[in-house]
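Per-chain numbering from 1; labels A, B, C and D assigned in written order.
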Amino acid sequence: MSVRVFVTGGTFDKEYDERTGKLYFEETHIPEMLRLGRCDVEVDVETLMMVDSLDMTAAQRQRVVDACRTCAQRCIVITHGTDTMVETAGALAGGVTGKTVVLTGAMVPYAFGSSDGLFNLGSALSFVQALPPGVYIAMNGRSFTWDNVRKNREEGVFERLRE
Amino acid sequence: MSVRVFVTGGTFDKEYDERTGKLYFEETHIPEMLRLGRCDVEVDVETLMMVDSLDMTAAQRQRVVDACRTCAQRCIVITHGTDTMVETAGALAGGVTGKTVVLTGAMVPYAFGSSDGLFNLGSALSFVQALPPGVYIAMNGRSFTWDNVRKNREEGVFERLRE
Amino acid sequence: MSVRVFVTGGTFDKEYDERTGKLYFEETHIPEMLRLGRCDVEVDVETLMMVDSLDMTAAQRQRVVDACRTCAQRCIVITHGTDTMVETAGALAGGVTGKTVVLTGAMVPYAFGSSDGLFNLGSALSFVQALPPGVYIAMNGRSFTWDNVRKNREEGVFERLRE
Amino acid sequence: MSVRVFVTGGTFDKEYDERTGKLYFEETHIPEMLRLGRCDVEVDVETLMMVDSLDMTAAQRQRVVDACRTCAQRCIVITHGTDTMVETAGALAGGVTGKTVVLTGAMVPYAFGSSDGLFNLGSALSFVQALPPGVYIAMNGRSFTWDNVRKNREEGVFERLRE
C-alpha cells in the first residue's frame, strides 16, 4: 500500500531559532521521523506549505484540497497545525471523495525533547491504511470523523462533539 | 473504546545498567509513553512478564493467550520481543476468538535516544481500534495478519510471506 | 568543595507551552541536570528569579550581586540569559571580591532536544572550582574574564574583545 | 588555547546494535557532542582505539602514553572507559611531563537518552584549560589527581582515596 503525506507546517515542524529565541519553520522532519520509526510503508512526502494553521489562507486551504483530489494515492496523511485542523478537515470532506484522508499534528514540536509527534505519525499512518474512505483527524491515539470533532483548547486534546 | 495493553518485555522495555554495562528489565515504560503521546484512549496496562522473547517459555506464552481470552476488552495490544513475536501470534490465533489482538515491539529500547517504540505504540493502538477481529503484528508502520508475516533478521524488518 | 548555584532564568530554563505555543518559565532544570551528570560536587541551588535577561531590571541585577556577596560559599555559578550576561558580570566585578563567580547560560533551552545546557553546566562547575577569585563567563567550552568578553550576536558565540 | 582529544572507547561511545541487541563500538560521538555544546575551543580529535577499558592491553595503554608525550598540544583530554581509567592515569603520570592531561568517561553511553557524557565532556574540557600540568580524572563534576582517586564500583562514582 502506498501513502501520500502532505506537509503543511504546524507545531510538528517548528524549530527553535537560537539567535532570536523564537520558533520558526525550516525543513519538515517527517522523513527523519519515518526513519526513526523504521517505517517500511511506501510513503511519498511532499511539502505543500510551512505555516501556522492560524495563518492558513483560504487559497492555501484550497491548495491542500486540490492536492488530495489530484494525487494518485488513495491513502493520504496531512500534517497540520491543530488550531484550524477541523476547518481544513471540513473543506476536504466537501472536496475529496473515494479516498481516506487523515489529518494529524502535534502539541509539542518534534525537535523538542518531549514531543507527541512520533506517536501521532505512527497513529495517522496506521489509521489511514485501516479506515474506509472518508476524512478523519488522528490525535491523542484516537480517530475522529471530520464532522464529529473539536479541539478542546483548555485541555489541549481533541474530542467528539457527541458520543 | 477501551484498550487492554499486556506487557511481556522485549527490547521495548530494556534498560541500561550503568554499573554492569548490561541491558536489563525494570518497570515498563508504556504509561510514560502514553503520556508523552498525549494518549486519550482509555487504556488499561498490565505487565504479565518482563522477558526477552527468546526466553519466553511455553507456559508463559500460554499465560499470554489466557490473559487475552479472559480479559473484558475486545481490543488488545501486546508489547513483545520481536524474535518470537510471530510464534506468539500463532498461539493467540489458536486460542482467542472475537477479539482484535495486535502485537508490537521495538528494535531499539525506548530508554535510548533513537527508539522506534513510540512510533510503534501509536501504530499498534490505532490498528487495534480500526481492524476487524483477528491477530495481527504491527511493526514498521504496517499491519500483518498472524499467518502471513516473518521477521527478516538480516534487514531488521517484518515482511509478508506472500504478497 | 562547596558550590553555590544561583538561577536567574534565561534560555537555559525556558519551557514550551503547548497550549499557547509560546516559551515561558516554570521551575529550574538545574537539579535534574546535576542528577543526569551524576554530579557529586556539593551544590546548593537557589532560584533568585526567572527572567529573560533582556528584562532584568537594575534592582534584580543588584539582587544577584548581593546574593553573591552575602552567601557563605566562595565558588558561585550563576545561570543567566546570554543577552545581558556581560552586563551582570560587570556589576558583579564591582561588587564581589575574594570569590570565584562564573556565569553561564544556553543558546537552546535544556527542555529541547539539542541543548548546549548540560555541556555548559559541566563546564561552569569545573571552571568555578579551578579558577582563581574573579568574575568569569563560561560559554562555548571557554572561560572569559568579565572585562574581556562580548556576545557576538551574529554568530551566537562569546568571544574576547582582545586576544 | 588548543586542546587535543584522544578517544580510546569506553561506555562514552557504545552503540546499541538493533540486530543483535548487544552494545558495540562504531565511530566516536565526540565531534557531534562538541557541536551540540557549541564548543568554540580549538579542538583536535583523534581516535587511538575503540575498546572497553577492561580489554585495554599494556601495549594499547603504552600507545596512549606515547600519543600524549609526542603530540604538539600541552592540554590533552582522553575519553576512556571508567573501569581502568585510574590505571591509565598512573601510566600517564609516569610517562608524560609538563602537560595537563585529563581523563574522562561516562556511566551511560552518549547515544542513549540519559547520558552523563555531555556534562563530563564540558567538565573535562574546562579543567584541562584551567588546571596546572599534571594528570587528572574528571568525573562527576569533580577533578581528581591521578594518585588520589578510585572508582567506587558499588555507587558508580569516583572518589578520593584520602581527603
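The working rule: a contact is a pair of C-beta atoms (placed from the backbone, for glycine too) under 8 Å apart; a residue touches a chain by one contact, two chains touch by 3 or more.
Source: prediction; values computed, not measured.
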Contact-graph separation of chain B and chain C, given in steps at minimum
2
Which chain's centre, taken as the mean of its Cα atoms, is farthest from the centre of chain D?
A
Distance between chain A and chain C based on Cα centroids, please, to the nearest Å.
39
Between chain A and chain D, the Cα-mean centres are separated in Å by 45
Inter-centroid spacing, chain D versus chain C (mean Cα positions, whole Å):
26
Multi-chain touching residues of chain B, meaning two or more other chains, are 107, 114, 156
Hey, which residues of chain A end up touching chain C in the complex?
11, 14, 16, 18-19, 21, 23, 107-109, 111-114, 153-154, 156
Give every residue of chain C touching chain D within the complex, in rising order.
33-34, 36-41, 107, 114-116, 118-127, 129-131, 138-143, 156-159
